[in-house]
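To keep things simple, chains are lettered A, B, C and D as they appear, and every chain counts its residues starting from 1.
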Amino acid sequence: MSLLSFEPNRPLDLIGLGRLCVDLNANEIHRPMEETLSFTKYLGGSPANIAVASARLGLRTGFIGKVSNDQFGRFIMKYLEDTGINTENVHVDRTGAVTGLAFTEIKSPTECSILMYRDNVADLKLEPSEVSEDYIASAKAMLVSGTALAKSPSREAVFVALEYAKKHNVVTLFDIDYRPWTWQSKTETGVYCRLVAEKCDVIVGGRDEFDLMETAVGPLRQDDRWTADHWLGKGASIIVVKRGGDGSTAYTKDGGEYKGSTFPANVVKTFGAGDSFAGAFIYGIMNGWDIPRCQEFGAASASIVVSSHSCSDAMPTAEQIQARIDRFRAEGI
Amino acid sequence: MSLLSFEPNRPLDLIGLGRLCVDLNANEIHRPMEETLSFTKYLGGSPANIAVASARLGLRTGFIGKVSNDQFGRFIMKYLEDTGINTENVHVDRTGAVTGLAFTEIKSPTECSILMYRDNVADLKLEPSEVSEDYIASAKAMLVSGTALAKSPSREAVFVALEYAKKHNVVTLFDIDYRPWTWQSKTETGVYCRLVAEKCDVIVGGRDEFDLMETAVGPLRQDDRWTADHWLGKGASIIVVKRGGDGSTAYTKDGGEYKGSTFPANVVKTFGAGDSFAGAFIYGIMNGWDIPRCQEFGAASASIVVSSHSCSDAMPTAEQIQARIDRFRAEGI
Amino acid sequence: MSLLSFEPNRPLDLIGLGRLCVDLNANEIHRPMEETLSFTKYLGGSPANIAVASARLGLRTGFIGKVSNDQFGRFIMKYLEDTGINTENVHVDRTGAVTGLAFTEIKSPTECSILMYRDNVADLKLEPSEVSEDYIASAKAMLVSGTALAKSPSREAVFVALEYAKKHNVVTLFDIDYRPWTWQSKTETGVYCRLVAEKCDVIVGGRDEFDLMETAVGPLRQDDRWTADHWLGKGASIIVVKRGGDGSTAYTKDGGEYKGSTFPANVVKTFGAGDSFAGAFIYGIMNGWDIPRCQEFGAASASIVVSSHSCSDAMPTAEQIQARIDRFRAEGI
Amino acid sequence: MSLLSFEPNRPLDLIGLGRLCVDLNANEIHRPMEETLSFTKYLGGSPANIAVASARLGLRTGFIGKVSNDQFGRFIMKYLEDTGINTENVHVDRTGAVTGLAFTEIKSPTECSILMYRDNVADLKLEPSEVSEDYIASAKAMLVSGTALAKSPSREAVFVALEYAKKHNVVTLFDIDYRPWTWQSKTETGVYCRLVAEKCDVIVGGRDEFDLMETAVGPLRQDDRWTADHWLGKGASIIVVKRGGDGSTAYTKDGGEYKGSTFPANVVKTFGAGDSFAGAFIYGIMNGWDIPRCQEFGAASASIVVSSHSCSDAMPTAEQIQARIDRFRAEGI
């Protein structure tokens, strides 16, 4: 029996839902942002990056979201379309909202920080009424990002989307993607992430993100086993706990536990590692691969992205990922 | 097998959670409010009224809520205490919030309206951190009112309270209590009421309230049977659909369906009918009565309250309710 | 030469601008509000009270303001009309605002307090575009209340009204009427009250109100002479500093200084003393009386209002005021 | 008699007050922003640009403002200090505000647009209490920008600063600098700009800006003569109406009227023309030059700035401006 059962014969493989923003990456790296002179513009936002990863890998990918009615909004829309992502459920804001920005500062490969602009952003203005039930029913799987829960009306749009997904047997994937901006408090974050996690088939997050989400449920465990048992007990099928450079562990409802490692890389910056991992991992499970192969594919993808300057632009194709795996195997790593 | 299983040996029978406000009832009835000259002050708010009903009936009753730091807040606190309701989890706001007000206008027995003051009200300022896990664990049952979901942080406080209740095996009762004030939209109301209803053992609401809650789930049914099957299917044990003067129907997870009628009354106003019904119905189920007896007790209580000027002040004792039932039986009604 | 020069042949004598609200006065006096049972409803708000006083005295009075679209708004509109006040520039809010409320508590004749409801009130929603230039041009004088400056857009409406008044040679009267509610800070209050005071011909306030308004201009003086010199120097013609039970002092641009005393009264509550004084004082100056006579008329009016239960309802006619003056004179007071 | 009288022996010549932000200028010019790949970072904001211009010209310059507590705030602070601008009255925000951003798009020399980020910006968080009376008293002149009036508390800070300036005989200069962002309405803009203009000695603005400011005062004139008479009548000494490529006209209280022309330039973009003009014009009047010479100096400075990629970075020294004037004279232009 498979862990997840995807409806066959659906026009879309995966729909992403949530944050669509612009990354402005410092061109002068290894110095504080006060001293950078210029920035290069990329599509950003965790679910956007995962959607790009998914499309590059050949999944028929769509998106539910909202962009600003300005140059940056048009840039995002065009980038999605150029990448082959279906945008028919991506709306244009009419309230004067702006595109969220992430200025990234790369002081050293391990010391990266972000200056965020999240006030009055278009992605959080998505209305429940703008979520199309038919659109969701046309997909095999839907990926929800935790940042979409940070504010109304986007928060309610997520819950409505999940109800449609359940009704139409769409597999639901939850990337906790905790970002302190926009949230009122960690308690608020925990409440809504738990409500979503209870309704999802696959939950992916860092150890810190699971800890945050679990604080009110019991004493803080920092314990992957407890995490896995708890959420598998609520109905999930796969739980993936990421630990950055230490790889990931996946837990499955049939009792499986799989430790995945990372690939060596010339790390330019750590941004994008998680999104590239998630995109490739999802690609694997949608192809029916076993969990270890999904993890290896994810890790190889991450090793490619962390050695480049961008996140979205750097998302590799399946061939590129496979080539890297083959090379490392040949080198006996 | 009983429909609900209450933990024995708990210091409290029932905890109410949510709205605590002041009713200002027009003294000159049967005229528009423009022409009323004076108002009489009472404790108000659906969960507050139910808590008062419950305490009058002899249940050991507590409350989780928040009152303003002014004369009206002190009035509410004193009224609860004088009624024998435990207030150790009722907080005093420190942000300058006010007490919600409901000016009632009784144009005729069937034409009643309310002028609501719900801006910046203390009851909606209840913080998740102010909900005591130990307090909830000390009770057999907890009643949640839908109006407490209308705004943050009270909304999150409700979800945290429900998590504690589940963890400690406290029976959860949900009174939909839809009031258009404070909510941003009906869609928002539906989203959060559904999330709560999925977690509750008993759900009580008017037909209109169930319709509102169910809009996004499927085509609007206005169909009690569909309502009952849907929510019993989500895990509830008892569903009560109220139809005002036409009585109520209760549905149970063991397949029962019970039509309850109303008692004749000299109706002064219809306010308070639902709360008095709910209080007496809960009293019945906590005493292990069968559903028809609970409904009869609720209907008799409602007939007493609608013939008086107030809601909270008029809540009867068990003896008064029984006396009314006996009288009507003697009269062959 | 007269201190003020009123344009002849204008259809209105005085226009009030600002707060229109409802007072709910405790019927059970001399006890804390927690223990009052009922309240009686009156029109309230300083400029509303002054407008009522002015109309009772026979001045052709109008009002620029905004009321809620509910029973209380209709009550206010009707009360103004019944009192003979022109309401053609009183607008009805369409945004769901409420009427401001003032619950008064009369613990003792000297210990009165107010519980205010000032969130989302209609009177502060007056838009600059709703202020009619023609309406202002049709009056001899306009009275502005400081509370109308507490929030946008009412604040901007006041400045636009003052520009129209200046353009059409309408005498401007400013009642500082400081109420801490709604204002963000005392600094903010000071900034806008000063900007208005600089543009007005007559300024009336308590000693505390002048102190508040003058804090940023220089070291706090608590000095009537400094106050008078400062504002007369900015262009005002008459400054009236009120000191409650100790009477008032008026200063005029021609160097006059007039101490006015109070009349004895059976004080029920102190609310309304200032408004009744202001209404009668304005009546006097519009009739060309000398300052001492205006002060005496104001003090007699105040002595009538403080001995009754309400503010607006108790505003006396010119005959009643004169009768009181005559009686006290006959009694040699 | 001089038009303006500057106090001698003050440590600072000019203080700027208001907007401090970051310009992100598209590196790929002559294409829509959707297609630009990278941006270069500069200090921006009209009063910041004027302060930089002033400091480059050798005036001892200070600033009253607020920056965000992040990398961009630190960049601004450092840039001001490196330019020799005194920052002791520039505060660091502690509320989580961000730096305002202006992404500029240069489609063609005459078709430039800006994508603004003005939500929750630090510069508008300046509190009245943060404006130092002693600091203002230490300067000969203070420049206020209209954008600082767009929101509280910065708006009140401006009025307090103007009161201090008046008290200490500091010449006040007002650059209308109308930007539609942040303002609620044009009526609101007009109200506050008029209140400031009434208190200033020098008013500089485009024809459109004067029109906007004057709408409520009378029928829209689009008439420089009316503008000049109106504001000189309110107490100003110099009015400068800018008409972009058509030069400027200055009007003085002694009846002077001076048409100034522009200098030819290889226009890269039009941004910064007004600020460089204002900086050089102010330099001239503080040196006691006659108006035509001030206008010529301003026009020459503008011709330098419009032919470069930035605003602040391109502000010239007095020698550079004089060299350009000399060259054009030599060429007979």
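Keep this in mind: a contact is a pair of C-beta atoms (placed from the backbone, for glycine too) under 8 Å apart; a residue touches a chain by one contact, two chains touch by 3 or more.
Quick caveat: nothing in here was measured; it's all calculated off a predicted structure.
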{"item": "Chain centre separation (chain A, chain C; CA means) in Å", "value": "61"}
{"item": "Between chain D and chain C, distance of the C-alpha-averaged centres to the nearest whole Å", "value": "41"}
{"item": "Separation of mean Cα positions, chain C and chain B [Å, integer]", "value": "44"}
{"item": "Where chain D touches two or more other chains at once, by residue number", "value": "none"}
{"item": "Category of the chain touch graph - line, ring, star, complete, other", "value": "ring"}
{"item": "Pairs of chains in contact (touch as defined earlier), listed by label", "value": "A-B, A-D, B-C, C-D"}
{"item": "Chain B partner contacts - residues on chain A that touch it in the complex", "value": "128-129, 152-153, 156, 159-160, 163, 167, 184, 187-188, 191, 194-195, 216-217"}
{"item": "Residue ranges of chain C touching chain B (in the complex, touch as defined)", "value": "24, 27, 32-34, 36-41, 70-72, 74-75, 78, 98, 101, 103, 105, 115, 117, 119-120"}
